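Next come two complexes, and both contain chain A; in the first it sits with chain B, in the second with chain C.
What follows is the complex of A and B.
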């Protein structure tokens, strides 16, 4: 595809620990087009946050190692890029990040204004200009974005300390900060998990609207399929460090083709039906199952599943599944 | 099912003092303000609401972890509100409280056997053989093998720790268990397993549950009745189906409208509720919800609505009922 904004290919990441080496990402492929809102769903420990951090280049140094793969962003390989260039041009500028818990993301001893102006000092889109004109332009831009995230009184908010605003407002500020630098891709790591359901609805609405208006692509990681349904164009499911299915949002919920996706949807609580869990537990990544990592918990497992990880196959033109025995007819992808 | 409620809560209040830096009291945080409800023997009553609405304070005040400011709690015929923990220990033996992650309350230096024997040693006169028999019975009920008794908490998985935590609560044969957010932070597949376990334990031991949660989908699935709280008050209480099918309080309507429904209209296209709850230390006059309510009128600022019967449910609103344009898709 030519209009790919970011393309992750065959990414393998492992973490060293006292107990051994945990293979947290096992050859992950993921590509996102410009302006697309992509959901990345999966249970705790499936590697969604590791993937997000690998793209940002903020994996814990020393503990994590990238064993194989490429991450191409706007044509450049981020893994080969010098750290100085990455820090100056990509991270926090063209790829930004919205954290899960906005209350720990701010420094409690500085005002919100100080922290936002610090960001603009280093990452303002007007990097070439200097002096008073730049300051005024930056200030106008900050006020514009605070209004866009529905904080109606920017001057007052900027003078406050982080503890003086509510959790929902802090998350609005995070969204504003993530968009200030004219990014092409925003990575939102479970941005609504810490929020109440009515505030979640407000934040999702805001994020979706702003991403559309600014033409920004969003990688939205979540374990909440309902939230993914709300705002995503396409959804990728991960299980134990492998991506298993990727589909447009409607196809994803109407025709889940990987047995894990099916079971994940079945375990959502819904009135009038039995509560179905997934038997077994998530595998230890230090000694993961061979082949398809879901095979020990799957009803359709055969010898092939233990041997080799399935290749990507197409359910239809836009719906990809990686399973030896998918629930729907597939064609081999080229 | 007996007609007498197993737990009757009347006009329960819990105010926390708000102090300035010189420790002078400058106001009250009204975490619970005139809360009344009955819990029927054998039912699961859901308590729902957003963070800060007082649902956890309610659970802790019933348990005696917080001392009630005023009001009455009658549990199995005994008044337990206002008693010190020492005085009420005998009555509260059969009222148990389950934290969000019961596994986290296990002592890492104790074997599972030690953890399960402890409540029986504290509360009962049973001999060691009788205690061991009871512990094995409960452990089997939560689906763990007796070989786990000699293990330490770190030797078993998080899900199994959770089961041991539940077993520890059940060793005293409680009649009412208060669950505080038992499924929050869990993945859906694990959540399903825990809910099934809770339902089967309730069958086996004839338990009554008070189920505190902010997850409305889970509450709808397992609770017979639901109480919706907003800023320290119950705004609507009734049968689960009545409330979920036709919510009468505008807050309940907004809360239900905010849940994403896969396959339905998207909440991000339809949701209308603005703002966030006001601070519980500085409540609006009259109805607490009026600052965010589309139906607020002059009366709402003057008088606080009581919890009155409306159709099949009880609602605290001056203008209850389903709005003309349906909020739900």
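What follows is the complex of A and C.
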């Protein structure tokens, strides 16, 4: 794929703890094309957030270590880039971030306007220019985006303190801020989990519409498959620190090929049927199962599954699965 | 800010403390005009020594026959200078150390915090005495001794507050949007922990004044004839209990100033830090 915006290859991240070293990401591959909305789904603790943070380069210092792998963004290796350059050129400029809980994502002691203008002071797309023209252009751009996220009366909102607006409005503001600086990639880390269900749908629609209009790629992590279906082009499933299946959204829901994906879909609650759930537990990452990490919970387990991690195989041209015994016919990927 | 003022105005104890501090500052500034015997800071009149309070000497005279009232007023200048400069230096050392140690993990943080632990493990007054004694009695050395012994309080406080603030999502969001470490510390963390620093500083003023007076009492403060309150009390010891005014009025002055800062500090804490409300408010 030549038009890929970001390519994560063989990424391994471990966290040291008193109980031992936990491989939270163990050889993850992920690539996202420009303008694509990619869902990243999996149970809690499967490494979604760690992957998102690794891309942003904001893994907790001291605790987390990157053991192997590369993250190439627009051709540049983010892991090799000096921190100062990352902070100045990448974060908040070409890669932005929408945090999980909008209610605490603003600094409570400043007005919303102060914080948005402060971001623009450093990361405005017009960074080269100075003076009044730049200020007015920035201001116009801020107001435009506040209108785009359907916040009426931007002037009034900018003068308010974060606690004076609702959770849904704060998340709209976060989306506006994430798009203000003309990013190429927005990392949205479960942006709707802290919101009311009724607000969730609006926010998702808004995010999808804006990302499309601006041609921005989105990495959308969630454990809500419904939300992923709403907005994503492709979905990657993660299990215990590894990606197990990647498919376009239709293929994902119609022809899930990894037994874990199948079970994930079966455990979606729907009216009239019992919720199935997945037997067994999420594996301990300090001492993960050998081979395919899902084998202790899988019905199709054979000796091969205990032995080695399955290679990526193609269900069709755009549908990749890593399983020794997939639910659909596959070809070995080259 | 206006809300803080309004709430503080309703707290009678805090207002009393505030009034005492304002009084201290006014007295220090206006000492030459308010005093009845401005020359008595250095002059002595042995024929008037140890006169009880009366018309000529409102609060009596000391062993040199100098007017205690006038000396108290000028003593307020010394007290304020010592307290303000020592605290400012302690805050300027302690806050950055706490901020850096709290924001980063690792060996530097550990070193900084263990260093402040060492300072905290030695009783403040003993350390201050040791430093002041080694350097010799003077205002500058008292200030040095006090700031050297008091900065760990701010370092500890700011360290703890920064640690809890560092994991706030807004700090993480700021980092994720490419904010530099220094900006995060100064712009995002510091304003959020400033209320505890203000409270600690106000209460710390009282403690510093008390320690400064103690050093003066032990003869480690500014040398005579400086009208330092602590040393005045030390001089008065041999004339007690007959010349009670000699020790009583400087003692009262120290008491009122320390109480003033403590009351204001308590009041500020109630207003700025709702987590630590006093019992009767619940």
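Structure notes:
Throughout what follows, the second predicted complex is superposed on the first by the 333 of 334 C-alpha atoms of A that agree within 3 Å, B and C clash if a C-alpha of one lies under 4 Å from a C-alpha of the other, contacts with A are read in each partner's own complex, and residues count from 1 in each chain.
Basically, contacts are C-beta pairs under 8 Å (C-beta built on N, C-alpha and C of every residue); 3 or more make two chains touch, one makes a residue touch a chain.
Everything numeric in this text was worked out from a predicted model, so none of it was measured.
Overlay on chain A: chain B and chain C fit together in the combined arrangement. Look at A:286: by the touch rule set out above, it reaches neither chain B nor chain C.
Touch criterion not met for A:21: it reaches neither chain B nor chain C.
By the touch criterion defined above, A:123 reaches chain C but does not reach chain B.
Of note, the Cα-centre angle with chain A at its vertex and chain B and chain C at its ends comes out at 80 degrees, rounded to the nearest 10.
Using the contact criterion defined above for the overlaid structures, shared-chain residue A:270 touches chain B, although it does not reach chain C. Taking the two complexes aligned on chain A, the least Cα distance separating chain B from chain C is 8 Å.
Overlap of the chain B and chain C contact sets on chain A: empty, with no shared residue. Within the complex formed with chain C, the chain A residues making contact are 56, 58, 61-63, 84, 86-88, 90-93, 96-97, 99-101, 104-110, 118-119, 122-123, 174, 177, 187.
Of all residues in chain A, those touching chain B in their complex are 43-44, 166, 168-169, 196-202, 204-205, 208-209, 223-227, 229-231, 253, 263-265, 267-271, 275-278, 281. Interface residues of chain C facing chain A in the complex, by the touch rule stated above, are 104-106, 168-170, 172-180, 187-188, 191-192.
By the touch criterion stated above, chain B contacts chain A in their complex at residues 50-51, 157, 159, 187-193, 195-196, 199, 214-218, 220-221, 244, 254-255, 257-263, 266-269, 271, 273-274, 276.
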